[in-house]
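Next up is a structure, given as structure tokens.
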Amino acid sequence: MAARNPASHTTLSPFQKFYLWAFAAVVVGPFLPLIVQSFAFRWEWPNLLPTEWWFTSRARARLPQGWDYVFSPHSRLAEATLNTVSIGLVVMVLCLAICMPAARVLARMEFRGKPAFEFFLSLPLVIPESAIGIALLLIFIHLGLAGNIMGIVIAHLIPTIPYMVRMLTAVYQGLGAEFEEQSYVLGASRWQTFRMVTLPMLMPGIVAGCLFTFLVSTNIFLLTFFLGQGRIITLPTLLFAKVSSGTLDASAAGLTLLVSLPGVVLLIVSEHFVKEEAFGKGFGA
Amino acid sequence: MQLATQPSGQLSTGATDRGVSRPVWLTLVALGPVTLVLGLLFGGACLLAVAQSLGFAPWFGINTFPDFGYFAALWGGGMFWNALGLTLYYGVVSTAVALGLALLLAQTLVKSFPGRALYRFVYKLPLMIPYTVGIALAVIMMGNGGMMSRLAATLGLISDPAEFPRLLHTHSGWGIIAVYVWKQTPFITLAIYAVLLGNGQEKEEAAAILGANRRQIFFGVTLPQIMPGIVSATLICFSFSIGAFEAPFILGGGFPDTLPVMAWRYFNDANYNLQAQGMATVVSIGIVAGIILFLYLTAYRNFERRRGRV
Amino acid sequence: MSSRIKYLTAAAALAVTTSSFAGEGAATFQADFLAGKLSWQNVVQEAQKEGAVQFYYWGGSDELNVWIDSVAVPALAELGVKLVPNRITGTKDAVDLVLAEAASGRGIGEGSVDAIWLNGENFYTLSRQTMLFGSFAQVLPNADNFEWDPADQRSQLNFRDFGVETGSQEIPWSGEQYVCAVNRALVSTDETLKTFDDLKAYLEANPGKFTYVKPPNYVGNTFVQEVVYSFNPDGTGSAPFQKSLEDLGVDELARLAAPGFEYLRSIEPQLLGAASGNVRYPEDAAASRGLFANGETHIHCEFGLFAVATNRANGSYPETAEEVVFPAGNMIKNKNYLAIVANAPNPAAALVFANYMASVDAQASKLEVIGYPAGIDPWKLSATDAQRLVEAAPPHFGVTQDELDANIAPDTNASLVDVIEATWLEFIERKATKPLAEIMASAAADLAR
């Protein structure tokens, strides 16, 4: 690990300070007009603030507007959120379950064709969803999985497996077999070893992999759109339908903010539990 | 305990499991599910796409396999090459810009400064948020009726939305590139920063003490360390940009579109001939991705070889 | 058949089919109903025994979604029928689903779509494939709200949908007219905008202040049709375009449409974005509306007789928006319909649903709450009911209802629409250099395959 040495306390150059501020502004700044838009009723060019806010217009509106609409059952937000989160969680657990044994083998063992196999596992990172989407739909129809949630879950495994395998493999590689050896020597059973030695040491990698998988799954649009056949709504598909016209009204802005919320929560959770290095291993050599 | 050096030259941390080689079937069971999912679904989809693009679709009553006509029609038309050029352009520019920004950011983050803990939280925000949100932000900021345009009007620089330079919905694709950069910079930063954190600063310190200037330190010490991470991360980002659909669809300049949008339009058309054309487009995207992967890895291998590290 | 249909066919064939008993019961019901053996009481009783009505409709309008959920669903619940609204992104999806299920052998009582909100090409597809339930429109109790006398000119839209015979297999639900709105803060009342030449003159004075939705979106198609009508070299406006493609012939179509397409080409350099080299044709009405609200365009056209009133109220049009009578004599007016399909799983319930939607209550509520014009014919109603409709109607801005009524034209024949769409894409978007007649001929040939 990095030793704290005096040189790392060097202060930032003025350029670097400016750069940090500018970067933060670009990341966070655009959310401000988005928030304003979600509370705006009439906000015409070139006004910097709305001429009429939603607070006054909703009183005289016949139909739910802006946030009223977003939180009403008409927006199907609850259904979309439930679908997104449950699909994400199931994908996360399933991916972990099938990638762990594979990662262990890849980290520890050698066999003919291993480099080719590793390359094959990484292919989904390179071949985009748009290339396989429609063909996958046809396969799903033959398997009877089109338009149903289990099908979406299985499809979400495709983009997430590469990340999970890489992160788990990296952690397994870091975990020397000696620890397990010693545990066996001292008389522990396989299960005890796994539970008390292996698992705690793998934990950072597992948590990182799970968080990343959940993240990727909740962000997938194209696969869900094709394979859900319009019957499965998730937050990305709901949001896309609203934003695809290239204009944002108040309810679209509100929806956009709500869709960003899980990401923020995830960020807080990951900052608490995972160190940057664990993510880095997923990309590293 | 024997230390077995693996034939591929990788260092192993220990013997194979318990010094006893595992039965083959156990290995197969371990690798099975992953292979099944990827092989059957991903591999199957790729094969199916290729087959259909070559005219093999008996379930539609079409079996002219191998029929290169669809590819001929696609590659023969200027539209495809325009679209390909546009796709590559957006990918290259956005990945390059993201890489530059990420390098600067990662190097800044290794230093200690007040508020760093909070900053480590802030810079990762775009990573956690879906692309479509980024697109919405681009619309609200960069459109001719958007915030930047309104700021310009408030400052008296323009008096009509049309006077603001057209950033969205043009083929120069500033909106698309902006969204990609916004989303990808944290990704690449993470890759670089994680490596820098893990490796520590000692080597850089040592080089500084020995009299190397900043440039020499960067190219001679830092870069080789982070190269694998950069290659990996930029490849993923670039491949994503090539295949991305939402941003060029919403923010793009219309005809000619990028390849994924073109494929989408073909698939949505009622005319069946265009379906096969769509498959051909989609397979072309796959081929492009494959070529890029190959070139990337070859270049990387050369780089490593020059460093004496194959 | 499109491959989408074939994908779905395979799906339907593999899925578990409902018991054939349901199919038989529904088949008997259908036969009896169409033969006139059942009273409306029988139908209602049957409906209450059946499952929920699966209504498929375009879900892109928040307001419509709210109305369906909060007005239609409860009203039908009172009648003992459950309504399940299914929102789709394109009506074509529902049509494809119906055809796929039929192709895999799902007949009446066994499908998953009961009723679809559609018109034009989508109805034409279902009708060609004989995938409609049957002639029910004139038999419903609320059929009295419509003009069914073929001798009366005003009954035309009840009998023909985009020039295609409805055969009473679909019942009108809403009327619509293609109305253009201008932003009076930017376009003074002195600037007349009555014909396309006026538009061209306006654009020359104010370049880049207008654009239209691009085909194949139906809003874009309608604009192109209006242009074609206005520039009809014979001066007969919309009349020849009511014929089907077989009757009219591609060459004749090309000759009649040529001046219109030339006009569209000639105004392209003055459209939004042309000055910076990239003409911007919005993908749909919502995108175009956004440009209008921002002041980027001064004129915006879409289907919406009361759009100005509704959209001023919900903030999506500028406060100073007003309607104009444009183009004079060629504002396309049509109706959209509810069709019941041949393999509806709950035909009796679907009939009750259709009947409710044709009732004065539903129509007045729809008109008042979301500004969708009534599909029923006011002159057939009682004085009180007709008055209800008049009072429910939102106001007009800058024009009167009479002016709008005096300048109407019918939609183009469904078989011509596809050809015109494909031609626009080739001629305008891809800037093909081939002569228009050739482009049209190859488009027609492609579509015939």
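A, B and C are the chain letters, set down in written order, and residue numbers restart from 1 in every chain.
Simple rule for what comes next: contacts are C-beta pairs under 8 Å (C-beta built on N, C-alpha and C of every residue); 3 or more make two chains touch, one makes a residue touch a chain.
Note that the structure is a prediction, hence the values are computed from the model and not measured.
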Steps in the shortest chain-to-chain touch route ending at chain C and beginning at chain A: 1
Chains linked by the largest number of contacting C-beta pairs: A-B
Gap in Å, rounded to a whole number, between the CA centres of chain C and chain B: 42
Distance from the mean Cα position of chain B to that of chain A, given in whole angstrom: 16
Shared-contact residues (touching 2 or more other chains) in chain B: 143, 145, 161, 169
Residues within chain A bordering two or more other chains: 45, 138, 244, 246-248
Sites on chain C at which at least two other chains make contact: 10, 290-291, 293-296
Footprint of chain A on chain B - complex, ascending: 1, 6-8, 12-18, 22, 27, 29-31, 33-34, 37-38, 40-42, 44-46, 48-49, 52, 101, 104-105, 108, 110-113, 119-133, 135-141, 143, 145-147, 149-151, 153-154, 161, 168-169, 182, 185, 190-191, 193-195, 197-202, 204-205, 208, 228-229, 232-233, 235-236, 239-240, 242-246, 249-251, 260, 263-264, 267, 278-279, 282-283, 285-286, 289-290, 292-293
For the chain A and chain C complex, residues of the former touching the latter: 40-42, 44-45, 52, 57, 61-65, 69, 72-76, 137-138, 141-142, 144, 146-147, 230, 241, 244-251
Residue ranges of chain A in contact with chain B within the complex: 1-3, 5, 7-12, 16, 19-20, 23-24, 26-28, 30-31, 33-34, 37, 45-48, 97-99, 101-102, 104-105, 108-111, 114-115, 117, 120-121, 123-136, 138-139, 154-155, 157-158, 161, 165, 173-178, 181, 184, 215, 218-219, 221-222, 235-236, 239-240, 243-244, 246-248, 252-253, 256, 259-260, 263-264, 266-268, 270-271, 276-281, 283-285
Complex contact set, residues of chain C against chain B: 1-4, 6, 10, 92, 208-209, 214, 272-273, 275-281, 290-291, 293-296, 429-430, 446-447, 449
List of chain C residues in touch with chain A within their complex: 7-8, 10-11, 14-15, 60, 62-63, 65-67, 69-70, 87-89, 93, 282-284, 286-287, 289-291, 293-296, 313-316, 318-319, 369-370
